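Sharing a structure, written as structure tokens. Questions coming.
Each chain carries a letter (A, B, C and D) given by its place in the written order, and its residues are counted from 1.
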């Protein structure tokens, strides 16, 4: 059994980002994907605070305090990148202009409901940021998430227990164990890591899984 | 009896434009007002096609075909003037950011209803342009209009016969015979040209007029 | 590599279907993508619904499309502009349907389409003939009408400079409807004066980010 | 002559009343008008409703206002940002009311306020806890919620350069909420790095036209 590391999960999700795509990467794990875009593809990264064409983190000495990403980390702009205001950033998001939003999640349901904004933990004030806008607005929403919680509870559920970010929005799920598609006909396993068969994966997943005829082993290089 | 010329009407309306005002001048007669701003006042002229800080018509040799006003005449930009797109131009108009819209009219009613977009003449296709947006959006709407039609029919009416541009929007009316305010208590005459008394003006006006206690003679220089 | 440059006007307008909704930019002739509109005319497409501020000037561009009977309906704020004879002839002959929309509402409806909104309430036209038949609602004591978004199948735009990603700048009042129309269509084709290398446009001064643009052609 | 320059931060925030709605720009600390917010704190005004993306960083600016108990309610998309200890303490003590609004809806509600709209329908939050209690409507088979405009009594903004008419440019991602907030308040005060002579800003590159700005102060 070879579950993927977090960096490998990001690597796997990055392989599916097509040349020319306009992409918003959610805070945390999804942000890592920009490090793993296959050679030769030109991808334009969007940030809800008014950037299109975000580059990698700045090299030492090149930091600019006025240039941050949605996670409030310092970032850079690539040639061709542009700045705009928050309202235009959300015209892009909500109006279906982004090809892909790659987001983190607490839970995903079998019908593609996404819960990623609050666990209702009374120790934290709630906060939603741009999560709901991205979930309803991007042409395609994919999620990167650990297959189960630290306590071993499935994160792919029949119905989300946590408050929804948006109903019926997730199309593909990348976990440390599998790549799964949310279809009109339930959840389909496209890839599984070595050491798993459908029964093994099913035991860690709440809704009924189907195995794609052309399923493959999920493998990622050491990254 | 000394009715004002069209240029004098524009002159009179221009005297009331305060320093620092953001103003949209309607097509036709109102456009002339920019020639008569009193010395020392800085006024910012807005055009719905995306200009703030319009200047006078270009001098020969300085024409730029990409720089026109809302009436599609060549214009200029003053220092401090800026360009923006149509949508932002109407955010300014509709959002109450313009201090004044000075418009032409076919008719004005005693409650300040404005009719200035169509006479329903079957020989012309209808067209509204930005008239309705200006009428509902500017902080104050004033109108410049001949007191009566060529046929001698009053243009200040109990109720407009032509289709409305907007109800209850006009606050002040400049005619070739008088300056009138639309108040909650009917139309008040502020100024009348020489040779008119209230009865004489009333005969050319449909709704009942009241004379302001401090009314004055309406006089304008030869311009 | 992302490269939105196309070589010909025909390529720029390729794929438009009969009956398509076409957002036609410009304010009168200023900012009008005349050559793209001419190319659309040559493509033979018909039954178009054109959204524009005016209804064409002279015999070229939008006027030419109307002259050839390709436009079933025009949605605009003010059909008559400098030399509108093509529109006037079609209108008098009953060959073109006309929907008059206040200029700000026209722009805002396209922005709503671009921004993923389902509609908005606006005071403009409330209590007037142009507001008749629209859902009306009193909000804080004032009347508003509900306006629906407009989206185009294609937007035809005109800009000054572009890079291969489709970032655009405009010139003076030729900006007008171009930025909002560029955002509001499934496909956006833009004729530009000049294409510059990627990175040559100041990222603080790009007006239309390339995400809204699909095809650019130098005219 | 139009001259929106004021000499002191105190003048820039003068006249704000207890209970006022204050639009506080910035995304985290970037683009936050820290000095104007500090001046508002020194002015002694209280019971404020602050609209912001976050709820303050460190001990200055918006965080300082909250620390001093001047903010009755905060309307924001994500209160926790870098070092939100002032907000967290007030929130846990039940001393501040919190309204969570999705980031795009927050921005769009202010734009609606700026644009004279009565409200708009948006998919964001439909079918979620944040959409509960809102008017919901099905449009073309999808659920939308009705959102109302937000207008401030004052907007506090931060820009890079200005001229005496109040035209503004920004720097990189410090632009963020500044342009929309500047449009959406009865009074807009802006702290800038530099004031340049009228005509020195490129008219094609001004982001906030001066019509939206009332007071500018160099910090």
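The rule is short, and it goes like this: a residue touches a chain if its C-beta (ideal position, glycine included) is under 8 Å from a C-beta of that chain, and two chains touch if they have at least 3 such contacts.
Bear in mind the structure is a predicted one, so any value in this text is a computation, not a measurement.
Student: Starting from the defined contact criterion, work out which chains touch subunit B and subunit D both, please.
Tutor: C
Student: By the contact definition above, name the pair with the higher C-beta contact count: A-C or A-D.
Tutor: A-D
Student: How big is the gap, in whole Å, between where the Cα atoms of subunit A centre and where those of subunit C centre?
Tutor: 35
Student: Determine the centre-to-centre distance between subunit C and subunit D, using the mean Cα coordinates as centres, and give it in whole Å.
Tutor: Going by mean C-alpha positions, subunit C sits 32 Å from subunit D.
Student: Find the geometric centre of each of subunit A and subunit B from their Cα atoms only, then give the gap between the two centres in Å, rounded to an integer.
Tutor: 56
Student: Let me have the rounded angstrom distance from the C-alpha centre of subunit A over to the C-alpha centre of subunit D, please.
Tutor: It comes to 30 Å between the two C-alpha centres.
Student: Would you pick out the residues of subunit C that each touch at least 2 other chains?
Tutor: Residues 108, 111, 115-117, 122-123, 170-172, 204, 207 of subunit C touch two or more partner chains.
Student: By the touch rule stated above, which residues of subunit A touch at least two different other chains?
Tutor: Those would be 77, 83-84, 90, 93-94, 136-137.
Student: Which pairs of chains touch each other?
Tutor: Pairs flagged as touching, ordered by label: A-C, A-D, B-C, B-D, C-D.
Student: Applying the document's contact rule, which stretches of subunit A touch subunit C when the two form their complex?
Tutor: 19-20, 22, 40, 42, 44, 46, 52-53, 77, 79-84, 88, 90-98, 136-137
Student: Provide the residue numbers of subunit D that touch subunit C in the complex, in ascending order.
Tutor: 108, 112, 115-123, 137, 139-140, 142, 144, 169-172, 202, 204-205, 207
Student: Hey, which residues of subunit B end up touching subunit C in the complex?
Tutor: Interface residues on subunit B, with respect to subunit C: 47-51, 64-68, 72, 77, 83-87, 89-90, 93-94, 124-133, 136-137, 163-167.
Student: Under the stated contact criterion, what part of subunit D meets subunit B in this complex?
Tutor: 1-2, 111, 113-117, 163-165, 167, 183, 198-199, 201, 203-204, 206, 209-212
Student: Would you mind writing out the residues of subunit D in touch with subunit A in their complex?
Tutor: 27-28, 30-31, 53, 55, 76-82, 87-88, 91, 98, 100-105, 107-108, 111, 122-130, 170-180, 207
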